[in-house]
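In structure tokens below, several structures.
The following pair of complexes shares a single chain, subunit A, combined with subunit B in the former and subunit C in the latter.
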Partner chain A sequence: MTAVLEARHLSKWYGNVLGLSDVSLALEPGITGLLGPNGAGKSTLMKLLTGQMKPNLGQALVRGERVWNNIPLFRDIGFCPEADAFYEEISGWEFLTALVRLHGIGRAEAAERAEKALGFVELLADKDRRIRGYSRGMRQRLKIAQAIAHDPAIIILDEPLSGLDPLGKRKVIHLIRDYGREGRTVLVSSHVLPEIEAMTLRVVLIHQGKIFAAGDIPYIRDLIEKHPHQISVRCDRPRDLAARFVGEECVLNMSFGPEGRSLLLETFKRDVVFGRLPGIILETGIRVEEITSPDDNLQAVFDYLVGK
Partner chain B sequence: MATIREQGYSHWDGRLIERKRPWWPLTTLGIRLIFRKKNFRLLFALSFIPAVVYLVGIYASERMEDFKFMVRGSAQLLKIDPAFFKSYFTLDPLLFLMVMLMVFACAGLISDDLKHNALQLYFARPLGKRDYLLGKSAIIAFFVLLLTLIPGLVLIIFKLVFAGSFGLVRSYPWLPLAVIGDSLLLTVFFVCYTLLLSALSRNRRYVMVMLFTVYLGTDIAYAIMHSIFKNPYFALLSIKANLQQAGAVLFGQRPPHAFPAGLSFGVILAFCLIAAWILQRRVRGVEVIK
Partner chain C sequence: MSPGDDARKGWIRRSAGRVLGFFFFLGRRAKKTRVFVLIGLLPVIQAAAIKTSELGRQAPAGEGLAIFSNFLMIFYLQFFLVILTLFYGTSVASEETEGRTLPFLQTRPLSKPGIVLGKYAAYSLLTSLIVLVSLLASFLILAGGRLGSGAAWGIFLRSAAVLLLGVLSYTAFFTFLGVLMKRSLFVGLIFGFGWESVISFFPGSTQRFSIVHYLKSLLPSGPRGRFSFLMFRLEPTRPALALLALVLITAAFLGLAGLLFRWKEYLAED
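Up next is the complex of A and B:
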């Protein structure tokens, strides 16, 4: 099957600055998170995949076709850039209608679609206000609206959650998840890891212009065998629990959390530890409040991969 | 195995038209935005004064008896021939008004897009660089042609109507072509001039100042050099002088400056080529980090 979005040995440099180095990647429908710190090359990759920049080496492909200078392909791509890109003097509705019309859609249809997209991002009530008067969150939502208004099958969102309040973030996350469920190909970047985690398990980690890892989060986590897993047990008697685990070979290391209210176990055999835990708890009568895996999140995976 | 997904959305059922003019929405939006400026509307109305004066002139030329007390010894001025049209197209105030229209209406055409990072939104759509520049050029062309081609043709038509004969067209059958030619020359020049300066800065105010000072500055430079060296070739430095020189030739009149008019055409052409080259480099969807 041809990947919807594909990067083949993509490289891009700006003078002496390396933006992207030999990146190969194939994305299928659904949501993919593009993660990396600022300056990692996320935006460069997105701009190459949306055909806004020509790669120095390699190819950026959309449905198997080169995207650079392939203007008809752009009809099916929705791009939300990181930076604001508005005419401040016009209303959100006018802005959106004008952009939709650039897709070759007639005036009446464009107006209808603009209104629908504004409804999606809950800006319908403010559609006739000048963009100058929009808050940061409203601008962000308007940017997302312009990316989805023409009903593209491929949506590329560069930091779509930045500047949104928690409620706004929640709404946008739901929206993106809906698009992913509908079978659209959504590539969404962020440097805030929990945001991506809330949208998808499929991630691409990028750093210094290179792909460090790509796949589902648990898969990536399993790749990092040299780092033990952490299991935190918050309970009333963590020292008693530690005493029971001392003899277990599956445990590599143990430490106590702040205020002595939790035990942090480090192990290469997470499943064995999880298998032993319920029995020990029942035998000792320890009252457990919470069992978590503090490193089973993207931040930990990312830290391991970049060698922090 | 590939994931099976819920195809909950439905694609748009309408017919996606392959537009021959993908830049047209840019033009209409641009013109609409320009007319929202109150100050501009006043200037726009004022810029038709020369055309109205010339129209009155044509009317008066056909009613010489009625207007004898006004014209007195200046009857030659109201002789409607190519020189009359040339004088309209090369009129100092008309050229100045066109520059002012560019200053107040078109200075931000590209600079605003650069300032607001709008280019990346345009170029993420089925719109190429050429379409973008065409869309912006059409806005400038709209205003320049409104002050040149439309009045030029209207003046010819009114002359025919007032005279009640085709005498003017019979005597000078190439006159409509000259009107079209000079209008196109002015349009091409102002498109290149305005877009070039607009692409040089993200700040619209700087562009406004540049549009004004470059036009006046080149003319002042010519005046200074000419007064010192008494050499007519220094008129090649002046935007206004070159446009007037080329305009005179198009209307079959004696050029105002004593050098081959081809040189003025050459200067205008060279300027437009340089502008196109710079625009090609300046207009791009993404920031280039240096």
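Up next is the complex of A and C:
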């Protein structure tokens, strides 16, 4: 079976800078998350797969055909770029209908589809306002709307959740999951693991222009959990909390914060620690102000994984 | 011609048509269009002022048309046409790359040469409207009592046709410049107000390396009085050849712009 989206030994350089190195990937219908820290090569891969750039080496294929300058393929592709850029002087409605009409769709049908897409992203009430006056979240939703308005089977979304408030994020996540359930091929990038986790189990990890791992979320989590993870608990009695954790095998190391107001736990079993914490807090009556994971960002995880 | 060539031409034609509609609409909304419409009012206001000052005296016959031909040469041909086509022509590519809106076009079923042709057509249409409406208003005011004369309308129509050819050829050249390089506006300014002005005063065939030479060769008559120096040293090309040269210039630069846009990677340049 031919993959819907395929990268075959793709490489791309920007002058002397390596953007992507020997990336091979085949994506089937459903949602795939492209996960990597900023500058990892996510956008480069997406631009190559949407024919906006030409690879230096290898091939970017859509349904088995090279995508660069292959016009008919774009009937079925929807792309949401990362950049916050628009034709500012027109309204959201005008923007969307015009872009749908660029597909050769007639005026009446374009209006219908634009209406539907604006409804999906909940922008109907503001459709006649100029884009210049839209908030960051509205602009992000409009970008998503233009990617789905022409009803494509392949949807490629570059950081679609950035700039959205939690409610907006939830709605977009639901929308993406619906598209995945409908059997469309969705490739969505993010540098935030929980965001991807909320959309799909299937992820591709990309770092320094290379595919570092590909698989489902549990596999990636296993990879991550082979490395110690930090949890910081800011509370009124960090030493009492530490005393309760001393006997726990899941904890590898402990230290106290600079003012003695927090406890830093190092563990291989993050989920176990998170599971134990509420019980201990309730039993001891410790007043917790904040629980954070100082290294719960993708860069730190990738640094672990590449052995930095 | 292979079926592949036919299909490619079909895509270019269809894409250009779709893009034209969108960018004519966008162009009308653009701030720069409002500014250029206002600039286009300047000769009209001046023409009205001249006519008002003539109210108390008997102006010599044909003076209005003489002033019109001076307007045509000084304001429209040497300034307004160049500045308008420079801004619109270079923006065909640069507004997409600098505004980072290119992905919205590149990820649609549009041929890249079709995008260039469509935007060129939209902006040429817009520019022509701005220029011709301003020219017509100036003519109506200045020609005044001679509006019943076929000769006067002949001068207007020929002047309008020359400006239209100027719009098409300059916009094509500046479109190519915009597709080719990043600092196209600066280079275009040097070309439009440096090269084009200076080279047309060179004797011999050197002046044929400018667009304005062919436009001047098609003009009904040169400016009179103290502005006659603008036609100084003009060694006109025969009208048919001048027309052919302008058509070739337009076709060549548009073709090159389309080809270059098809193969260039603007996102990688960023």
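In this text, the second predicted complex is superposed on the first by the 222 of 308 C-alpha atoms of A that agree within 3 Å, B and C clash if a C-alpha of one lies under 4 Å from a C-alpha of the other, contacts with A are read in each partner's own complex, and residues count from 1 in each chain.
Following the convention adopted for this analysis, contacts are C-beta pairs under 8 Å (C-beta built on N, C-alpha and C of every residue); 3 or more make two chains touch, one makes a residue touch a chain.
The structure presented is a predicted model; accordingly, all values stated were derived computationally and were not measured.
With subunit A as the common reference for superposition, the partners subunit B and subunit C occupy clashing space.
Touch criterion met: A:99 reaches subunit B and subunit C at once. Of the two partner chains placed by superposition, only subunit B is touched by A:109; subunit C is not. When the shared chain is aligned, no partner comes close enough to touch A:197: not subunit B, not subunit C.
Once chain A of one complex is fitted onto chain A of the other, the partner contacts of A:22 are absent, as it touches neither subunit B nor subunit C. When the two complexes are overlaid on their common chain A, residue A:54 makes contact with subunit C while staying clear of subunit B. In the superposition on chain A, no contact is made by A:122 with either subunit B or subunit C. Touch criterion not met for A:240: it reaches neither subunit B nor subunit C. Taking subunit A as the reference, the larger set of touched residues comes from B, when subunit B and subunit C are compared. With the contact threshold set out at the top, residues 14, 47, 50-53, 69, 71-72, 74-75, 77, 79, 81, 83, 85-87, 89-90, 94, 98-99, 101-104, 146 of subunit A are in contact with subunit B in one structure and with subunit C in the other. Residues 2-3, 5-9, 11-12, 14, 16-19, 22, 25-26, 29, 33, 36, 112, 116-118, 120-128, 285-286, 288-290 of subunit B are the ones that touch subunit A when the two sit in their complex.
Chain contact summary for the complex, subunit A toward subunit B: residues 1, 14-15, 17, 19, 28-30, 47, 50-53, 69, 71-72, 74-75, 77, 79, 81, 83-90, 94, 98-99, 101-106, 109, 113, 146, 151, 153, 178-179, 181-184.
By the touch criterion stated above, subunit C contacts subunit A in their complex at residues 11, 14-15, 18-19, 21-22, 25-26, 29-31, 99-112, 262, 265, 267-268.
By the touch rule above, subunit A contacts subunit C in their complex via residues 12, 14, 47, 50-54, 69, 71-75, 77-79, 81, 83, 85-87, 89-90, 94, 98-99, 101-104, 146.
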